[in-house]
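Going by the order they are written in, the chains are A, B, C and D; count residues from 1 in each one.
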Amino acid sequence: MIGEDAAPFLAQVRDFARDTVTVRAPDWAKGQAIEPEVVARAAEIGLTRIEVPTRLGGLGLGFRAKVEACAIVAATDFGFAMSLVNTHNVAKRIATTLPETVARRFLPDLLSGASMACTALTEEGAGSDVAALSCTARAVDDGWFLDGEKTWIVNGRHAALAIVYAQCGEAGQSAGIGAFLVDLTDASCRRFPIETEISQASIGTGGFRLTRCHVPTERMVLPPGTAFKAILSEINGARIYVAAMCCAMVSSALRVAQAYGEMRQTFGKPLTQHPAWREGIAHSATSLAASWSLVEAALLATEQGRDVRHLAAAAKVNAVDLAQTVLPRLLHAMGAEGLRDSYPFTRHLGAAQLAALTDGSTAMLLERLGRWDPTPIPL
Amino acid sequence: MIGEDAAPFLAQVRDFARDTVTVRAPDWAKGQAIEPEVVARAAEIGLTRIEVPTRLGGLGLGFRAKVEACAIVAATDFGFAMSLVNTHNVAKRIATTLPETVARRFLPDLLSGASMACTALTEEGAGSDVAALSCTARAVDDGWFLDGEKTWIVNGRHAALAIVYAQCGEAGQSAGIGAFLVDLTDASCRRFPIETEISQASIGTGGFRLTRCHVPTERMVLPPGTAFKAILSEINGARIYVAAMCCAMVSSALRVAQAYGEMRQTFGKPLTQHPAWREGIAHSATSLAASWSLVEAALLATEQGRDVRHLAAAAKVNAVDLAQTVLPRLLHAMGAEGLRDSYPFTRHLGAAQLAALTDGSTAMLLERLGRWDPTPIPL
Amino acid sequence: MIGEDAAPFLAQVRDFARDTVTVRAPDWAKGQAIEPEVVARAAEIGLTRIEVPTRLGGLGLGFRAKVEACAIVAATDFGFAMSLVNTHNVAKRIATTLPETVARRFLPDLLSGASMACTALTEEGAGSDVAALSCTARAVDDGWFLDGEKTWIVNGRHAALAIVYAQCGEAGQSAGIGAFLVDLTDASCRRFPIETEISQASIGTGGFRLTRCHVPTERMVLPPGTAFKAILSEINGARIYVAAMCCAMVSSALRVAQAYGEMRQTFGKPLTQHPAWREGIAHSATSLAASWSLVEAALLATEQGRDVRHLAAAAKVNAVDLAQTVLPRLLHAMGAEGLRDSYPFTRHLGAAQLAALTDGSTAMLLERLGRWDPTPIPL
Amino acid sequence: MIGEDAAPFLAQVRDFARDTVTVRAPDWAKGQAIEPEVVARAAEIGLTRIEVPTRLGGLGLGFRAKVEACAIVAATDFGFAMSLVNTHNVAKRIATTLPETVARRFLPDLLSGASMACTALTEEGAGSDVAALSCTARAVDDGWFLDGEKTWIVNGRHAALAIVYAQCGEAGQSAGIGAFLVDLTDASCRRFPIETEISQASIGTGGFRLTRCHVPTERMVLPPGTAFKAILSEINGARIYVAAMCCAMVSSALRVAQAYGEMRQTFGKPLTQHPAWREGIAHSATSLAASWSLVEAALLATEQGRDVRHLAAAAKVNAVDLAQTVLPRLLHAMGAEGLRDSYPFTRHLGAAQLAALTDGSTAMLLERLGRWDPTPIPL
């Protein structure tokens, strides 16, 4: 599915996932923070610069390479994959939007994994209603003062940099929204973690409050009038890779269950030779096949420059639903063994709940699909 | 999705479906037999010769054109689409397997729609267990004597020709199975309809009993040793077009529901402006998108000559399940109006039950998918 | 579950269902009208007078007896059960609301099965929005003139009597709605059938148009101010018996499938000895058990005089969903055999779609359950 | 639903759950061990002696009281409820089976909460195949020597006492299985915790290995020939209370979501006034109502001394499925807020996976329900 250029990179990602992420993920799932050397290694093989142009130190690969890399990492740890791709997306935005001199100041730390970054849109009470942002940007001579609080941000608890969306005009105006590159280590910013019973260690969920946070003019990433549209477009990409990540979690669970079924004997024969057991697996495999196909349709549409809004939303809704319903079934196919942290079932099941709520909740996406006709051929 | 060559043909199929099939389908659904002139018109535009080579009077188009044509007709009447494609498949088999002189004797009636044809595999008690066929072919000097009964055959009640699968060797030997071109109008053959509460008028479900039915040597379509494999391969294609037909039935139902929702007012506004109504439609659209994508994956794999066994089975399981679960929801979205025979909901819902049982039941297909890993990218 | 008094009646209903309804149902399902002698026999054993007081010729039994009788008949033919219970409900309403002299004029034909009756609420465009009724009742000296059209009425095509709900006051006022006993054989009334691809023969779906239809004062069944409330209360009962009827359809399908599975051999042993087959049946049995339990909860609450609104709605939503999803699975468990009209699967599957839309659609009922907490114990 | 005797006890359980368990549960969910004083308080109000006869210090209440108490605690923390009821069941078994002098030696610590207890049946590789137990009991003059390993035992990591099931005869003989009261603090026993990414802190999942563990004659709880049957009967009760606990988890999640929906505003009005949101909640409430009703049916059958095997199995299958599918939907209805550990969604979702695998997995239970007809009325 992927061009030759990306193959060596993806091979490295697979090795990294198998040798490093698999080993560390169970501890992250119990709340242990991600080790800096693991992030550094991820960055070294290129996971924070996939789509960054080569002249700025990136790999210069395309969207499909990013989606596949995300899927490979998420097959072991969804949270870490989210953390990396969010950092990557900030790096890409800096590289493609800011003046090169500014970009070159901020890129090295992201490309080396020395620091992480986040895109900060969500606020308390403005999850689905983007125009309702209450974070404000007030223009001053040499830039802007930002005030407000962002929450439920991937990497929010430990990011050094953020692209912050804020209202530059009147409250409620989608055309007034702009985006700014903010140094979260500045004194005007107070970061906080968000704790849940699903470990947020690898995904780094958190938020921050900005109080008269000064942002110089040159760090306006997207001026009012373009930011709202940009975020909507970016989020289509995010929906596709999150969908692929959900599929990948189910793929990894399916493989574990199938391998276990070949080995584990009950009533004198392997589980795979019990037709009822096998039928359960077959149902899961069939649903998984459909979800992957829909991801591919969205990916293809993206590559062909077609409007991908509906396909991206549908792919995400479908893959999230897959993960939420199929992961418990695959866990069950393992018996109590499936609960052990050497297997990914419960980690992925928790992640599926996060996936359902990130980059457009299922409820919000369905709102947009009620008039869509997905028929690919003229009937 | 389709090459230019097929476009004019498919445009004619669409016109035919809209102008003729839509009008007649409600009567067929109440048990009225298909009018000969409707079959003749279907044949005239090419529906019984899509994949037949041009030198034998066919359109010389490919598998994708057949799948799309089936989908277009099934969007209005699944049974009629099944009837046509089964006739077509016999024509194609005759054209590609039998000596040209023999082929030229039998093709004209099929290509003109003067008669229909069927492929007869299923027997009472040998639905899923092909090797258990009890229909026998006994070799004599100038050919074969066939004995046995076939049932649940598409076009079985009115076909003039059948390709009959029969055991040439010992009972139970899959290598002993051969296929023969049988004239069902012969005195040695007694045809019978099968009646159910779902109308079988357009699909023509029936069976026949052969008693010392003589088949000349030249009409052996597939000799023992090859027939079993041929039927398995052919059935993969059938699963893909049945899957596409199920998707097309849901597409047509979705469109009707969406159009109705724009027009029909409750509590002072159109249904489409009621979020709960729209969300139900959006769920259906999302599932439909996934099913179509899986059909496309199976179709692409076929065109690329890859092993399509699992994808074809999965596409059928998924599309049948879609039709069985989504059609009642879309009917419900119309209120009682959806029951009227001017709408396709109940006709399609009945057809979905037939589709579930044809060309490999869901239960049988799942048997084969328990060890399958559908992941399209190396994780 | 039932007191001794009802036992002999219910035994007769079972005999009637087994000896008569089972035999006739397949023809009704193909559109043949119900034979007058079948209706007469149903009436003779008491199916149109279950809750009618004994002094007026009724059986004087309670709600539970009605629910069980409905379930017994619906296990074979949902439509006929609906036709009978709707006639019964009019008889009961006449017996309990109208002056005895009036009641004694109209009851005999209903209690003998000489004619059928219907309750007419639904109008084009006022399915779920009761207050929006456009049928009007205009007071005159000696009664009322009714004008308007009713549609989608059980028994509408052949009922001799109807209880018609009409607006006596200003449009849109729920307090203005009254109910009137109307002679549908009168010249001011034009009845019409509604045809769908699901046979409406036994349920008798139809409608009628009233044009200056005169109703004498004494035939006002419910005066404005009470009718709206009465219909809401009556409909709770209807939801419970429709739920029981859906459960009964699934029970009958389950039994047929289980019996078939004991007998039918594949791969050398009965279906019931194939674990994957049995697991499918077990899933269906489990869901059925839950639906029956919820019906029992609603029935018990009715008997105890508790508010049954939510339980009745939930029981119906649940049982309809059961029938829509489980009937196709049980049909599939039979293979193509399940399609034959000697089995009830496709008839019940069609009926399940009618059930979903009668006496409150699933969509409408869910509207009312969003704030309900069904927890039966204080947590 | 409950007699007056149990009311004061259940009121105390509710207070305890609200005041203590709710506060501690989030920490247990992150791996913190249950505080001894919390266990002591639970015991003080009677949670470890509900069914223990009053003359031995118990509450002398019935099965229904136990089920309700379990449900009340599980509405906050399923694991702790499981831990308590398993201790309780050992206390009850000791009180009703062992000689009073022996019982009086072991009961006080359990009734005071000074120690916990467990019932140890499961072994590696003998989850569903009870007769395959490999733990052995070898008779010696003054008792028995037990050898073998038990795993996935509730309270296994910290119980002081266990009722251990072991094979007294030949391997594979279900009639050879006996049950013994074992002191797990003895040197012949090595206990171990089982860690998973779902916290096992409150449920105390673990196992132990017995090596020549001596059990005096008087501590044989159930002799060979009776133990196998006893465990099957006891497990029916367990399936009913686990089902109730799953329902209670969903009830608590439903209430939280409904309360949140009244308060949380989007697009200018509370969530409960968004029809699509409310419909999702209504679906969940409806399914919950059905599950609770099935639990009640099983409970009633138990109280009436009817065979409860099928009802208990069905109630568990149904309630587990409810919890697995509805909890993610209710979490989603809260948006990201639902992830916070001040809400019970993710804790309950993890617990639902444990529930699916305890006291008979769904797969195993379905095995037994394929021939069951749950219809409650004669059709």
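Heads up, the rule we're going with is that a residue touches a chain if its C-beta (ideal position, glycine included) is under 8 Å from a C-beta of that chain, and two chains touch if they have at least 3 such contacts.
Computed from a predicted model, the values in this text were never measured in an experiment.
More inter-chain C-beta contacts link the pair C-D than the other of C-D and B-D. For the two copies, chain A and chain C, the CA superposition rotation is 180 degrees, given to the nearest 5.
Separating the CA-averaged centres of chain B and chain D is a span of 52 Å. Centre-to-centre spacing of chain B and chain C amounts to 38 Å, using the average Cα coordinate of each chain. Inter-chain spacing, taken between the CA centroids of chain C and chain D, is 42 Å. Each of residues 275-279, 363, 366-367 in chain D touches at least two other chains.
Residues of chain D that touch chain B in their complex: 274-276, 278-279. Here chain C touches chain D in the complex through residues 1-2, 10, 14, 17, 68, 71-72, 75, 247-248, 251-252, 254-255, 258, 272, 275, 277-279, 281-283, 285-294, 296-297, 310-311, 314-315, 317-318, 363, 365-379, going by the rule given at the top.
Note for the complex: chain C touches chain B at residues 26, 29-31, 122, 125, 127-129, 152, 194-199, 265-267, 276-277, 280, 324-325, 328, 331-333, 335-336, 338-341, 346-347, 349-350, 352-354, 356-357, 361-363, 366-367.
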